[in-house]
Amino acid sequence: MGSSFGQLFRISTWGESHGGGVGVVVDGCPPRVPLAAEDLQVDLDRRRPGQSRLTTPRQEEDRAEILSGVFEGQTLGTPIAVLVRNRDARPEAYEDFKDVYRPSHADYTYQAKYGIRAWMGGGRASARETIGRVAAGAIARKVLEMHGYGPITAWVSRVRDTEARVDPLTVTRADVDAGPTRCPDAEAAAAMEAQIDEARRAGDSLGGTVSCVALGVAPGLGDPVFDKLEADLAKGMLSLPACKGFEIGSGFAGTRLKGSEHNDAFYAEEGQVRTRDNRSGGVQGGISNGEPVVIRVAFKPTATIRIEQETVNQNLEPARLAASGRHDPCVLPRAVPMVEAMVALVLCDHLLRQKAISKP
Amino acid sequence: MGSSFGQLFRISTWGESHGGGVGVVVDGCPPRVPLAAEDLQVDLDRRRPGQSRLTTPRQEEDRAEILSGVFEGQTLGTPIAVLVRNRDARPEAYEDFKDVYRPSHADYTYQAKYGIRAWMGGGRASARETIGRVAAGAIARKVLEMHGYGPITAWVSRVRDTEARVDPLTVTRADVDAGPTRCPDAEAAAAMEAQIDEARRAGDSLGGTVSCVALGVAPGLGDPVFDKLEADLAKGMLSLPACKGFEIGSGFAGTRLKGSEHNDAFYAEEGQVRTRDNRSGGVQGGISNGEPVVIRVAFKPTATIRIEQETVNQNLEPARLAASGRHDPCVLPRAVPMVEAMVALVLCDHLLRQKAISKP
Amino acid sequence: MGSSFGQLFRISTWGESHGGGVGVVVDGCPPRVPLAAEDLQVDLDRRRPGQSRLTTPRQEEDRAEILSGVFEGQTLGTPIAVLVRNRDARPEAYEDFKDVYRPSHADYTYQAKYGIRAWMGGGRASARETIGRVAAGAIARKVLEMHGYGPITAWVSRVRDTEARVDPLTVTRADVDAGPTRCPDAEAAAAMEAQIDEARRAGDSLGGTVSCVALGVAPGLGDPVFDKLEADLAKGMLSLPACKGFEIGSGFAGTRLKGSEHNDAFYAEEGQVRTRDNRSGGVQGGISNGEPVVIRVAFKPTATIRIEQETVNQNLEPARLAASGRHDPCVLPRAVPMVEAMVALVLCDHLLRQKAISKP
Amino acid sequence: MGSSFGQLFRISTWGESHGGGVGVVVDGCPPRVPLAAEDLQVDLDRRRPGQSRLTTPRQEEDRAEILSGVFEGQTLGTPIAVLVRNRDARPEAYEDFKDVYRPSHADYTYQAKYGIRAWMGGGRASARETIGRVAAGAIARKVLEMHGYGPITAWVSRVRDTEARVDPLTVTRADVDAGPTRCPDAEAAAAMEAQIDEARRAGDSLGGTVSCVALGVAPGLGDPVFDKLEADLAKGMLSLPACKGFEIGSGFAGTRLKGSEHNDAFYAEEGQVRTRDNRSGGVQGGISNGEPVVIRVAFKPTATIRIEQETVNQNLEPARLAASGRHDPCVLPRAVPMVEAMVALVLCDHLLRQKAISKP
C-alpha cells in the first residue's frame, strides 16, 4: 500500500535505489495526448544526479523507456508504464549502513515496519523513487496543456537563511534553470551556491524552501471536503523525501494578520472574478478560484552527512557513523522538478474529476 | 467525490450547515470496540458553537445519535452511522450572502465549481461539516486506546503574535480545557483572550496556530511513499476549514539548521531505539519511529467579518459587504478538537494498515 | 470496509435490520440534477416488504428522508444522505436465532468474522440493507436520464422451473408491475404465483432468476481491464443477498455454440455500428457497444424457512431450527428493483468515468 | 482507470500485445515472503501460448523479471514490479484488423471509447494482458501458503457440450496438467481434445466452462456488503477475456431447488462448524465459512476465427473478414491458470483485510 497517488490520473511508482530499476505506471491518462519519451526526459534530466557539484556525484543517465500506453505518438488511454534502469549502483558504498542506522534517515523505521530492508542506497527511501513521479508529472503537464492550463514553475526560494526575491507572476523555467541552485534571484543564488559548496566541503548539509506557482488554473478544481486542492497538494509535498512543511498562499505568515487585513477583496475583470491580493494562494474553500496557485515547501537538511554522528546498530548497541557514499549536500535544486511534478499530478487529477461532473 | 478520508478506517461525512443535519459513516472500524453515544459527545461538546464569548453564539446542542454499527455497547464491525440534526438554523441571517460573495470564503468557488450553492450558512463549507470528523475521531481514539496508544492532545499555540510556551511531553487535555482559548500557557492564554475579545468587538477576526502531540505511537506506522504518515497528516489538516499550513517536527524552522545540527542522534533505552532530540517529529521516512508525533497547523483569520469589504455579486457587479450573522472571531479554540480528530483518524487508519501486513 | 460501491458515483450504505434505521450516502453525484424524496420513494415502494402475500408481512413504510446534498429541488454536487427509520422491528421474533445458526444464512459467518453479531433480523445481512442501494439507484437513474440514457428494466424471468418468455427490447416497467410476481409474461406469472404461494404455505421457499435490460447506453462505457462493465455488473449483482450467479448476453448457454455461430456480425445503421444479434449483451472487451445491455442473475431459495432443519448452536452443539419470524417465500419479486438499482449505479459510475477522459 | 485490482493486495497491470512488453506492479504484499522469479515462472509457463496444438502458435518464452520489491530472496513490503518483454510480435499479421472491426472482439469498442486503438494484436484486449495477473497470482499464493491456506485448483469442466466429472475435494494440479486440455477427467479430456482440434482445423472456435476450488480457506474472509467474497470473485472472473458468466456453489442450478432442499445443514466436527453439503460454495452472506470455495466460470468461443464473417470497417462500410494471425481455437486450457490467479488474488486481499480488523 501507499505507492499510488491520485484518483483518476493515478500513478503507481515502484523500485529501490539499487534494484533492477525504478518506474511508474500511470493509469487514467486520457487518450490522444501527444507523448514521446523525450517529453519525460526533459524533466528527468532536471532531476537526475550529477548535474553539478551541488548535487550527488552518482552518475545516472536516467533514460526513460515508455513500455506501454503510447501508440504512434499518442496516448491510448491505457496504462503508461515507464522504466528507468539503475546503472551506477555501488552497493559496496553502503556497507556502512547495512548494520547501523543513519540518524534522521529511514533505516530504522523501515526495519521497524517491515522487519527487513534493502540497506543499499536506502532502498525505496531514496530520491531515486521520485523518478517515477517526475516522469508521470511530465505526462500530467501534457494533459494540462491540452486543456489550456499555463506553466507550473518551482524555484529554490530559500537556502538556510538566504531568502530569494522572486515574482511568482513572471518567473520562468529559464530563469530557474539559469544556475545550478535553481534560484532565479541571481544575487541570492550566488550566496546559496557558496553556502551549499561550503557545506559539501565540510561534509555537512543544508535545508531551505522551494516555492511553486501554477498559472492558468481554471476555477472549480478541488473537491470539498477532504480532497481540497490544498489538501492534496499538501499530501503530495509531504510525501517527498525530506519535506517537513507546507503552506499555501499567505501560509503561516498570514495567520499574523487580522481578517480585515488578510481577506482577498473581489473585483471583476473581463467577465472573470478576480482578487486584489492573492493571500488565498489561488484556492478558497478547497477549490481553485482562477488566481495563481502559490505554495511553499520546507525541505530539511539532507540526513546523510560525512560528519560523524552518534547512533545505534541493529543490535541496539551504541555506534558512530560518518557516512561515505554519494549524497546531495542540499536537496533543494533537485527538489524543484519534484515539486512541479506533484503540483502537475494534483491539478491533472482534479481536472479530470471536474470534467466527470460537468454538464452533459 | 472528496467526502471520504482513510483507506481502512474510512469515514464519509455529509451535511450542509442549514439542511436536515450533518453526520458521518465510519466503515472499517474493528468489531468489539466498546462504544456509546457519550463517547462521541465529549468531543462534540468541545467542538460545538456557543461555548464561550470567544466563539460563535449559534446555539446547537449537537447531540449525536448512533444509528448503526453498535450492538449492546460494542461495535459490530459494520458501518457506524452518526447523525446530528441542525437546530438553530437561521437562514434569514444569510440573505446577505445569497447574491454577494464573501471575500476569502468559499461562496464564489462553490458557485464556479457546481453552478449552484447552498448559500445559507456556507452550505458544506461550514465548520458544521467537522462534526462528522470529530465524532469519527472519537471512535478512532477508542480503537487506538484498545491497542495501547497514548493520548492525542492539541492546543492553541499561537494567536496572531502571541506565542504560548508548552511542553508537548507533559501537556494534558485538562490543561488545554482550563480556559476558553484552549491555550495551556495561562499567561499567553490571558493575552490571547483579550485579543480575541477585542477583535470580536471590532467585528474583525484573528488567526494563529494549533499544535498537537500524539504519545505512545508504535514504531512502524505510515506507508511509503505517498501515504507517509506526515503526508496523510498534512492532508488531514489542510482539509480543515481555514487551514493554510502544516509542519511536522522541526518544520520550517528546522530548514535553517545544518544537517549536523538537525539530525536526531539515536540511542537505545530499555530495548527501544530512541532519539536524543525529536526534530523528526516522530516520523522518519514517512514511518513512525516511536517518538511523540508533533505537528503544527496554521489557521488564517476567519473570513466572515462585520467590517465592510469590497467584493462582487453574482452578476459580477461591484458590491460592499459587512457580514451580519453569527461567526467565530477566531477559529482556533474550536479547531483544537478538529485537529485531534484528524490525527486520531490518520493514526487509526495506519494502525489497521500495519496490522494487515503483520506476521502470521 | 466493504460498504461502498462505485469510484466516481460512490455510495456507502449503512444500517442493521433492527437498529436505528438504514441509509446511504451518495458522493459524487453531479450538481443541478433535479431531485426530490418522491423520486426515491417510487423505487423504495417497489422494494419494501408487505406489498403482497408473496412477500414478507413485515410492515415498513420505508419513507426516505433526504438529509443533505439537495437544495431548492436540485443536487448540490455534495454528498446526498438518505435516511429510512426502522419501524416494525420485532426483535423478539428473532430470539430463536440468538443462539442458533440458520443454515445457509449469514449467522455463523458473521460470528466467525467479527466475534459478535446483531442477531435480530440478521443485522446487516438483511434485505433491509438494500434500501440504501435502491435509493441511490434512483438518483443514478436521474443522472442517466439527464444524459439521454434509456430505461433500465428488470423482471422475474424464472421461478424454480417456470421460465417466462419476455422480449427485452419491448418490455416495460408497467408490464413488470402488472402483477405481484413482477413477471411480465402473464401465463408464466400465474404459474409462478401459485408456486410461491404453495411454498409459503408449506413454510418453504423458492429461487429463480431475474433478467435486466438497459436501453440507450452509449458506446464507450467500461474500463478495461479489471473494471470492465460486465465485471462491475457481476460484482454488483453478486453483492445482492441470495445471489449465486451472473451472466451477460449469451452467458452460459452461449458457451455451447461455435465461434462462427456465436459471433455478433457488425453492420452500420444510421451512422451507428450495430450487431445483427446481441449475444455479447451490449458489451465487448469490457466496453459498451451501444446495443442493449442484457444480464441474468440467479437467486437461491430464501435461507430462512419454517420447515425444521438440522444445525448447531453457538456452543457447536447439535440443534434443530424451524424459523418463525417474517420472511419472503421467494426473494425474486423484491429483487427486481434491487437489480435495476445496481445496474443504474454501475452505468452512472462509468458514465462519469467516461466523461473524465473526454476530449477537451 | 480500471487496470488495478484489490484493496490491500493491489495489483496494477499494464501493457499491450505488441508494445514494449507487459507487466504488473503488486503493492501491499507483506514483507518477508520468500519469493524468486521461478515462483512466477511456473504459472506463467502454464499460461503462455504455444504449449500444444490446442493453443495459439505464437512463440513467447514469457520470462518474468522481478525489478523491485524483493531483496535477498524475500519480499520487502514495497511494490513488486514484474516485467515480461514481448518477443514474437508480428504486427504485419494484424494488418487485416487495422481498418476492419472483428465481430465480438474489442476492436470497435476501444475505438468508440478512446478514439484510438493499438490495432496490432488487440492491444490491451489481448490475452497477453493476463500475464501480469498470473504473475501476481503466484505471489498471492505464496502469501496464502504462509498463512496456512490450501491449494487453489482450476480445471476445464466443460468444452461445448462435453462435461467432465471431477471431484473438487480431491482433484490436483497434477491431474489437471496431465493433458493439454487441462481437464482431469481423462475420458472427457480426450473428447474435448478431438473437438478443439476439429475446430482448429475448421478455423472455428469453441467455448465452455472452467471450475475452480480453493481448499483450506479460513472462515471470516469477505467484507459485507459490496465486497462479499463471491462479489469480488465474480468481478475478477468477469474481468477475464471472453468470460460471460459466473456462479458460486450451486449457482444457477441451485435456483431450481426449494429452500428445504438447498439449505446447507450445519454440524460440528473437531471444534469446527461444517456443512453437510456445500451448496453455498464455501461462502454465506458474503463471508467464507471454512468449506471449500467452489466456483464455475463461462468462457465464450474465441472471437477471432478464420471463417469469413460479416462486419464493417472504420468508415462504417460493409466488409468481410476471415482472420489470419495466430489465435487459440479454445481459450479454456490457458484460462485455467488465469482463473486460479484471480481466486488467489481475491483470497489474499481479503486475508489481509481480515487481519487488519483482528483482535489486538
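When the chains are written out, they are named A, B, C and D in that same order, and each has its own residue count from 1.
Just so it is clear, a residue touches a chain if its C-beta (ideal position, glycine included) is under 8 Å from a C-beta of that chain, and two chains touch if they have at least 3 such contacts.
If you're wondering where the values come from, they're calculated on a predicted model, not measured in any experiment.
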item	value
Relative to subunit A, chain with the most remote C-alpha centre	C
Between the pairs C-D and B-C, the one where more C-beta pairs touch	C-D
Cα-centroid distance, subunit A relative to subunit C, in whole angstrom	45
Gap in Å, rounded to a whole number, between the CA centres of subunit D and subunit C	26
Centre-to-centre distance between subunit C and subunit B (centres being mean Cα positions), rounded to whole Å	38
Of all residues in subunit A, the ones touching two or more other chains	1-4, 7-8, 13, 28, 31-32, 77-78, 113-115, 124, 224, 353, 356-357, 359
Sites on subunit A touched by subunit D in the complex	1-4, 8, 10, 12-16, 19-23, 25, 27-28, 31-32, 65-71, 74, 76-81, 83, 113-118, 123-124
Subunit D contact footprint on subunit B (complex, rising order)	7-8, 28, 30-32, 77-78, 146-148, 224, 352-353, 355-360
Complex contacts: residues of subunit D adjacent to subunit C	1-5, 7, 13, 101, 103-106, 108-110, 112-115, 124-125, 129, 158, 160-161, 199, 204-209, 219-228, 230-239, 241, 243-252, 254-268, 271, 273, 275-276, 279-281, 283-290, 298-305, 307, 309-312, 316-318, 353-354, 356-357, 359
